[in-house]
Amino acid sequence: MEIAFWILSAITVIGAILAITMRNLVHCVLSLILFFLGIAGHYLLLRADFLFAVQVLIYIGAVAVLILFAIMLTRHVTGTEGPREVLGGKWWAGMGTAVIIAGLLWAIIRKDPLAAMLPAGMASTSVTEIGRALVADWLVPFEAMGVLLTAALIGAVVIALEEVIRKR
Amino acid sequence: MGFIGKGLFEGMVVTARNFVGSYFDKERLVTVQYPEERVQVPENSRTFPFLVFDKDSDPVASMRCVACKICEVECPPQCIYIVMDRDEKGKPQQRPKVFDIDISVCMQCQICVEVCPFDAIKMDNNYEKSQYGRFDELVEHLPELLKSNEFYNKIKPTEATAVDAKLKADAEKKAKKAAPAAKPAATAAKPAAPAAPKPAPVAAPTAKIAIPDDAPFTPEQRQWLSGYLSTVAASGVAPAAAAPVAGTPAAPATEAPAGNWPWHDPGLGMQRRLDLAKETPIADKLMAAMAQTDCHACGYDCRGYADAIATGAETDLSLCLPGEAETANMLKKLMQEAGKL
Amino acid sequence: MDQVYKVAPQLLKFLSYLLGWLPWIGKPVAGFLSNPPAWFLLAVAIAIPILFVVSVFPGIFAYTTLVERKALGRIQNRIGPNRVGRWGLLQPIADGVKLLTKEDIVPRSADKFVHFLAPVIAVIPSVLLFSVVPVGAGLVPVDLNIGILFAFAISTASVLALFMGGWASRNKFSLLGAMRAVAQVVSYEVPMVLAAVAVVMAAGSLSTLAIAKAQGGGILNVTHWFVFRPWGFVGFILFTIGAMAESARTPFDIPEAESEIIAGYHTEYSGFKFALFQLGEYLASIAMAGITVTMFLGGYNGPGSGPGILGGLISMFWFFAKLGGMIVLTIWIRGTWPRVRVDQLMSFAWKVLLPMSIVNIVAVGMWHYIAIRPIAWVVTTLWLVLWFITLSKLAASENIEKREYRYAS
Amino acid sequence: MNVSLDHYLMLSAFLFAIGLCGALSRKNAIIVLMGIEIMFNAGILNFVAFWHYKYFAVLTAQMFAIFAISIAAAESAIGLALVIAVYRHYQSIDVDEMRSLKG
Amino acid sequence: MIQPLTDAKPYTLTPGSNGVIETQTLEVSIGPQHPSTHGVFRMDCVLDGESVVALKPVMGYLHRNHEQLAERMAWLGSMPYTDRLDYFNSMTNNWAYALAVEKLAGIKVPDRAEYIRVIMAELTRLLNHSCVIGFMLQDLGAWGTPLLYAFRERERILDLYEAVSGSRMMCNYMRFGGVRVNLTDENLATAKDIATRFPRFLDEFEKLLTNNEVLLARTQRVGVLPKELAINAGISGPMARASGVDYDLRKVDKYGVYGRLEFRVPLGDIGDVYDRYYIRVLEMRESIKILQQALRDIPQGPHIAPEVKLRNFKIPPGDGYGRIEGPKGELGFYLVSDEGGKQPYRYHVRPPSFINLTILEDMCVGHKVADVVVILGSVDIVLGEVDR
């Protein structure tokens, strides 16, 4: 358990850091996938099987692929940015904000009495329970989510094909 | 059109039928397991040329090729290289010293076979000529090229039979022509050139007296003797001696003359031929300058080419391939002497 | 795994009996094996399924290539490989040796690390897929309660390898192939998952073992297979098409269409890396066939299958027989059909397969709620056939026309 | 040392900061989106960790995680569509160059 | 219609010009080493995603100086070289060249030789068309099955060629004034057998593919060649007929004995890949009819005009153009003989596949890259003939 946690944490953190620091966009996405995989591993470790599958299916199967497509559609296929400046003009502000927020969170977590808590139980939830919950207690959010996804789908298509539609 | 997917399904039925059929139907499974089994190539099948010889005992002497170089000239990709054999005196020997075919260049078109007037070169049907090298290994030399007439008969029975029959007929025709001519030659001893009126001193003895192959001489000796005897017979100096030396009474002429032209003998040297034709019209002199093989490389026989030059129908003097530069130069000289050039 | 855990002590006892005669180490080893500690039992229980997956399925892969070449040869009226061993039986080994000894070429401008990583990543998801395929009654490497979902999640991940390989090669054909692969896999994932949803609805579980179990019973263990239901039949076809597209088999082999883009994403791979790509691809194809068998063709169910040693063996036989059948079907299709074009592939997925799979889900609902079986049969069949005709007419009207030809006077 | 909730919260805080850093300091719009994804994931990890360690009996945390993942997916789809639209307009996906609101 | 590629048009892909998502165009060089360019042929494609926005055919990788070689060679010497123009159809190439020389030299060909030529030419057409369809479907991705079925049938025809002429592909069979070897009764029987057997193969072939939905979807309305463009660009052969141009030299010139034989000329209306595929199938069926008639009517007699010399064959000064309807289109030889007349002064080939290839861009632009290879397959090129 501990070893797995540390390995997965290392994978996750390295993936995340690489994802925002590499120069080559495609390398960034591949690192991001590593990060997603680490998170999925953590879910497995936390006994959330269903979330593991969802994480892999949606983040690696869909989001990462979507980002890859976006890169291919907007960039030189090799994904390199060349000698251009990769950091924004006020990068120090971003860095500072991140460090401050990390510090704040750290302090809060150290203070919180909940934090040192150990696992409550070991059995995992079955998919059946999640399914039942989704169509019983959580029906309204579930339907709302459906509407949101549909809207997002249509919206994405409209935004991306704006000019084609305008031309017609 | 039925439902979508019907065409797909029908296609699958066809492939299934072929799958099963390939196990039972010889018509379908046409593959041949090559090194173990081979297809019988048809008789007409051709790959690369080879040279035919007649007698196993002496392939080089009995090869039909006379080094006339027609094939060398006609070969579209120019893959044949021939050097005529000469004795130490520089006399052409009626056969190639070098005969190379570069089979990496040869395109197996069979044109050399078609143009050969002597049926000397034929197409093989051996298709396994791969070599490990790209250069020398792919050039075939005379030893590899020489194949016996039996071999030719074996791979192409119909064609070879026809060729043999034709050659035999030709030989008989020539022998028949030679026979009446030879008689006066034999008797010519006493009457001392019984007035063969028109051309040259003697009419008959143009018969080339060939020493039979089984006579106890080396090829060189044989060659020389033949030439010598012919010359002697032609000039009528020692006619009586000719017959005994020849060994057999009526030596079958391998190369009989077509007319009464004593110089029409490829065994003679250029100078000797011209001497023989000294007193004759320009056409005959020209003819004497030819190589006398009647090879048709120029598109005529030797007589025809000479006539054509003499009459002005042919202006190209370099057509005589077996005679090489010697003939061409001599022709030029003769024409200049005659004031025609 | 659970089954193995139960049987493991017996197995170890048998092993100890076998090894007991050995001098020196025989006694202690036999003693250890006949009364093993818990951790050892667990290790054995984990190791055996892994060994099974890692040994049996690559073996199947090797001989699938041989069968494919032989069958394609016969379909095309050729003989196929027959030089290495009798009937070419050693051909896969010869191929392997050849690929292993080939020079490994990496293009100079390639992204070396990603180029190296891609074939490795190609194999991992394919092997992982087998962990949820039940090969016999109760015999599944891991009985996950999210089995099917896990399979889909993992199979999506395989697309990454294709993309990495294609992109890192810095070859335009590879890149085209990679983009095609990504687009294709993402598109076909949707109808495939929806086709599987029908089965999940009917079986009431995501676990592959439970799905297979739900298809047992009936006459000879055959009649309850999902493929013998109207919705199951449609689902089977949809899922097979989706699986073929997902594993890039003909007629959906456009990511590696050799007549268009040479070899697609593995154009720049040679030697062992190429072999790994092939391995990954074939394993994914076989695993998908295994999941198809599990979901629609009754899994391990067949005449004589059941619990116990004999029933288990028979059930394994049935599973592998069906798997072989599916593999042969893909080979047969490969030998017959031309390849579709990339835009047709997409429009087929979105305009035919997706609506049809949604219609199929509705059909399962009908099946579930109409209690009287004959009526359920008629209603669902009618519903599906009507939709099929409508959709196929729509699809055909776009692409296909009937032609008449005239002759010059 | 047993892994406690503490560890997970620290991890997710760290990841959140990394994501924020990426989102704020990089010029490339796609990397910005990726940073946001990292932040999302860090948040979801928190949910799951709390569920595992404290509210094990109820599904609320898992539900939240599922909905969050769905929203993240929708967000990335829209975000990337926007990136493409922006690219078409500006021929660039540098966030620094998107200065005007006028389309 | 046909614009030179030096023209800036195809490459000016300014952003925003076509309104769809701006993607970087990809210049892909398909060939000269590519599985489906049918030889060393290159297509410089500019791709926008998968769609072709510009395409430039690049030829000449297989240039062998055919015409210049022939001008340095006796008339007969070029005959084996014509075999190597379109190495699938050596018989028809021979015929076209022989026809040109015969026209120029005024040689009369005996009747039997004409019939033999017709038989050989129609067998060649069967062979070529079946293989072309096979190759085209190979490009479509049908993994060799149709191609190998076509090759299975081709094998029988090639066996006949070998039995008659001595070689399977490089036949070198025709001679000025006739053919080199007479057909024996056995050969005629084989030809008859092929003619009776071939329809069965065609039926199987059509069942395998003609109604295949994938094939229909892939080929219909793809690579459309309008009738006007076909006429303007000088397209000939099945390609022109698929576009609805009623132009078949067998009917127009009635060379050989085609005037005496009955057959129809199938025409398409749209001129897409499917039409080009199916016109070939229909032409094969007509060819079988011609074959059967020719085999029935073939007279006895000499197979070659006896007066024609093999060597030192000379042609009086003049020029002549001999053309035949080759399987790929109008194959013509233009010959000029000058003083001496031993070799051609000018020797020019009108290769059908080269001229049919010139409109490749017009057919391909706007389609997907996968269609390009299919369109190329449907044009039916042999690089030996294109590059000469």
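Chains here go by letter, A, B, C, D and E, matching the order in which they are written, and residues are numbered from 1 within each.
One rule holds for everything that comes next: a contact is a pair of C-beta atoms (placed from the backbone, for glycine too) under 8 Å apart; a residue touches a chain by one contact, two chains touch by 3 or more.
Note that this is a predicted model, so its numbers are computed, not measured.
The central chain here, found by comparing per-chain C-alpha centres with the mean of all protein C-alpha atoms, is E. Compared on C-beta pairs in contact, A-C and A-D come out with A-D as the pair having more.
Centroid analysis (C-alpha atoms only) places D farthest from chain B. The centroid of the Cα atoms in chain B and the matching centroid in chain C are 71 Å apart. Centre-to-centre separation between chain B and chain E, using Cα means, comes to 40 Å. Distance from the chain C centre to the chain D centre is 34 Å, each centre being the mean of its Cα atoms. Between chain A and chain B, the centres computed from C-alpha atoms are 89 Å apart. Listed for chain A are residues 50, 54, 62, 69, 72-73, 75, 77, 160, 163, each touching two or more other chains. Counting partner chains per residue, chain C shows two or more touched chains at residues 75-78, 175, 335-337, 396, 400. Among the residues of chain E, those touching two or more other chains are numbered 16, 21-22, 26, 145, 149, 152, 208-209, 212-216.
Residues 1, 3-5, 8, 11-12, 14-16, 18-19, 21-23, 28-31, 33 of chain B are the ones touching chain C in the complex. Residue ranges of chain C in contact with chain E, taken from their complex: 72, 75-78, 172-173, 175-176, 180, 250-251, 253-254, 257-262, 334-344, 396, 399-401, 403, 405-408. Those residues of chain B that touch chain E in the shared complex are 1, 4-8, 10-11, 13-15, 18, 28, 30, 41-46, 70, 74, 76, 107-111, 114-115, 123, 296, 298-299. Residues of chain A touching chain D in their complex: 1-2, 5, 9, 12-13, 16-17, 19-21, 25, 28-29, 32, 35-36, 39, 42-43, 46-48, 50-51, 54-55, 58-59, 62-63, 66-67, 69-71, 73-75, 81, 85-95, 97-99, 101-102, 105-106, 109, 112, 114-121, 125, 129-130, 133-134, 138, 141, 145, 148-149, 151-153, 155-157, 159-160, 162-163.
Note for the complex: chain E touches chain B at residues 73-74, 76-81, 83-84, 145, 149, 152, 155, 159, 162-167, 170, 172, 180-181, 204, 207-216, 309-312.
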